[in-house]
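What follows is subunit A paired twice: with subunit B in the first complex and subunit C in the second.
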Partner chain A sequence: MLFLMFRIGKDRYVLDAAQIEQVLPLVEAKELPGAPAGIVGVISYHGEPVPLIDLGLLATGRPVAEVMSSRIILVRYPGAEGEHRLALCAEQVIETLKREPGDFVATGVEAGLPDYLGPVAADADGFIQWIRAPALLSDELRALLFRLPGAAA
Partner chain B sequence: MTSLTIRQRILGSFLAVLLVLTAVSAASYRWFRQAEQEALTIETSTVPALVASLKMREAWARAQGMLTSFAVESDTTLRAATLERLKANRTAITQGMVAYEATLDSPEDRRNFEALRAAAGAFWPAEEAALSLPPEALRAAIHTDLMPRLATIDQVLDEAVALNQAAEEASTEHIVGLVRNAESGLYIGFAIAAALSVLSGFLLFRAVTVPLERLVGMVTVMRGGDFSERLALARRDEFATLADGVNTMADELTTLIGQVQKSSIQVNTSLTEIAATSKEQQATASEIAATTTEIGATAKEISATSNELVRTMTEVSHVAEETATLAGGGQAGLARMEATMRHVMEAAGAINGKLAVLSEKAGNINQMVTTITKVADQTNLLSLNAAIEAEKAGQYGRGFAVVATEIRRLADQTAASTYDIEQMVRDIQSAVAAGVMGMDKFSEEVRRGMTEVQEVGGQLSQIIHQVQSLVPRFEVANEGMQAQATGAEQISDALSQLSEAAQQTVESLHQSNIAIDDLNQVSGGLRSAISRFRLRA
Partner chain C sequence: MTSRTPDNSPESARTADSARAGRLLDRPLPPGYRAEWARHFAGARVQAGEADAPADTVLIFRLGGEWLALPADLVTEITEPRRSHSLPHRRDRLVRGIVNVRGELLVKIALAELLGIEGQEPAASQGTAFARLVVIGRADRRVAFHADEVHGLHRHGPEALRALPVTVDKNAARFASAVLDWDGRAVGRLDGAGLLDAVDRSLA
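Let's turn to the complex of A and B:
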């Protein structure tokens, strides 16, 4: 099973490659004034607006560095009316990782932590934590972000 | 009484006695004047009246006798003579009456005289008538008519005599009374005057002796040296003034003696201090003498040193001339150094230009490296997406995934290499920048060095100028040194004189010490003499 590896701060995290539509270079997002925490704006993907979440801002409160290795990960996001797209930006998005899901074990301190933090796997450099993309948005945030077509209709 | 002065008392006493005496004299004068008046009255009036009345009585008595003898006489001649005598007697009676009339002084007298004149006037015609009668008839007429008439006249005359006698007695008694009054007045006046004299004399005596005794007592006390007492007389006369004067004198003497006592103590203290000071001065003068001798020796040394200095100055003058020459050489060297430094500055400018070129080239390399890095990045991204797509393709994409991984490895190596190159270029660029900065600093320092060299050149020329100007000054200093040597010798001589003078000062101070001791004894004598005076506390 293939994972895309990236960093938030100095820790390493992975996303399931099956959920990823494409990796894009860091582009300037259109800002959304008054947007909820973590959402920095919208980017254009083939002319379609996609909301952009800064994982550094969401997890540690510090936005990701604007360097070449910082990239945007475009994920498919399952919703009530089919799939949506969600853009996540993170640092050091330069490697893939091949691991079996069984290598990941629960940390034991899930209670009280955000839902998107999954189990961890160990390698020579330390632990790698699995990020569950569908849990990144809270219900009301998801409703806020993805009711746009419905509300517009 | 206490407010009267002695002068007023004396004058008052004499005036009182004089007044009494004057009063007595006036009264006596008055009495004696009255007595004199009375005596004059007796002399001018009473006695002539008495005499006249007695003469008339005698004449009348003679007339009676003549009439009787006429009557008895028979001889005609004798009768005629008697008649003649009778008529003469009649004239005498008339004269006596006229004389008596002049002395009339009382109404009673006058009435009596009028009666007499009437009786006489009646008698003389009757007598004439009778005389012409024959003797017988005459005798009868005498006996019957004339004799009674004569008796009446005689009676009137007796009254007149009695009246005059009474007047004379009254006058005499009046005189005696006046004289007695004068006598008693004199006695009383004398007694009053004597009493007044005694009284005022006693008061005067008291007024003089009592304060005089107190004054004498005070003077006696003061003579004993005691000035603590003061006189207080309860009066306002010359003695009060005198007492005030004595009190003032005692006060002033007290002040004076007090001041003298204080002054004598101060004099004594000052004398002790002066004596101590004089001894110190003596010691100091001795030290001065010793010091002066030392200074004299020092002055001689200074003289010797000055002579040595003169020689040294000459040498220094030579050295200064050589220094001026050497400084001239140094100035030329500095000018060459300045030219060299200008060359160095130009070379530094050239190096800076080369370094700028180097920096530009490094910048170009950096751009290329950035391009390569971007390509590597794109390659990496492409390989990532390729790997994700291959994973999605599953079994069919496996080979493609291997290729994608290989591509990504190459891209990563490229990125690492470019990173190394980028690092090197950055190092070169910073080194070039540091070199440029260093060269700038170097140029700046060279410029500053040049300025300093120019300044040093200017200073050197000043030094040369000053050193050259030093030479004549050295000569002046040389002369000054010689003068100093001479002066030091003179100082030495003067100091030996000063030493002698100090020795003399020591001797005179010794003598003044002896004088101060004498003065101290005199001051002690003065103090003991003053101490016998007792002053008011």
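Let's turn to the complex of A and C:
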């Protein structure tokens, strides 16, 4: 199973590569004043507005560094009415990783932590944590972002 | 995965390399970087469309004052011009003689003659233009011709091709299948199969 590895702060995290549509450079986003924490704006992906979540801001309160290795991961996001896209920016998006899903084990401190934090896998440098992309947004946020144009009116 | 040796394995070497390469990317964004990429991804999906469309590769060369394009799969070799040996009792306008290309004797044809573009003023070319001997054909039906200049291969999508103007002289348009936009010039794209057939007929 192929994963895309990135960093939030100093720790390494992975996303399932099958959920990823494309990795984009750090493009400029249109800011959304008053948006909930973590959502830094919308980017235009071939004309389609895609909400951009800063994983650094969401997880640690510190926005990702503006360097070349910080990239935007475009994930497909299963919604109630078809698929949506979600853009996640993270640091050091430069590596993929091949691991078996069975290599990942529960951390044992699941309670009280955000839902998107999944199990961890160990390697020589420490632990790598699996991020569950569909759990990044809470239900109300998901409803807010992916509301059908008709329903929003 | 569990039985990984930590040192001297190709995998660990690769990780060290990729870590070094990754550090190269730890530099600040150049000015205008984010805005430029934002514009790129905001635009219509052009690249994807082009990749889907069947692209065609042609060899672009010049005969006298005329730039022409020939399907690249027809071209087998481009080499230095060399002496051609005339064939006795063959005073054909189309056959210039035979040339030796790496031990193989090939008929050298006058392509300009065949296409009816002989006798034009050579276009003043910028810099030095090198004449070339181009070998075309398939398998054992290969012939060579002299080109005054060879630009090289050019890959284009179907959108670069335009139909021939209807006012073009029918004889001149005998082998041209379309007009190709290249570098601001209109290049006559030759119909490969038709050209080879005509060469065969003229050699028979």
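Some points to look at:
Criterion: the second predicted complex is superposed on the first by the 149 of 153 C-alpha atoms of A that agree within 3 Å, B and C clash if a C-alpha of one lies under 4 Å from a C-alpha of the other, contacts with A are read in each partner's own complex, and residues count from 1 in each chain.
In this text, a contact is a pair of C-beta atoms (placed from the backbone, for glycine too) under 8 Å apart; a residue touches a chain by one contact, two chains touch by 3 or more.
Given the structure is predicted, the values throughout are model-derived calculations rather than measurements.
Touch counts on subunit A: comparing subunit C and subunit B, the chain ahead is C.
By the touch criterion stated above, A:M68 is placed in contact with subunit B and with subunit C alike. Residue contacts after overlaying the shared chain place A:A17 against subunit B, while subunit C stays out of touching range. Of the two partner chains, subunit B is the only one that A:L4 touches; subunit C does not reach it. Applying the stated contact rule after C-alpha superposition, one finds that A:F127 touches neither subunit B nor subunit C. Within the superposed three-chain model, A:L26 lies in touch with subunit C and out of touch with subunit B [touch as defined at top]. After overlaying the two complexes on the shared chain, residue contacts for A:R99 are found with subunit C alone; subunit B is out of touch. In the three-chain superposition model, subunit A touches both subunit B and subunit C at residues 24-25, 68-69, 94-95.
Only residues 2, 4, 17-18, 20, 22-25, 68-69, 71, 93-96 of subunit A touch subunit B when the two sit together in their complex. The part of subunit A that touches subunit C in the complex is made up of residues 24-29, 43-47, 66-69, 92, 94-95, 99-100, 103, 124. On subunit B, the positions that touch subunit A within their shared complex are 373-374, 377-378, 380-381, 384-385, 387-388, 391-392, 401, 405, 408, 412. If you check the complex, the residues on subunit C that touch subunit A are 1, 6, 18, 21-22, 25-29, 33-35, 37-38, 40-45.
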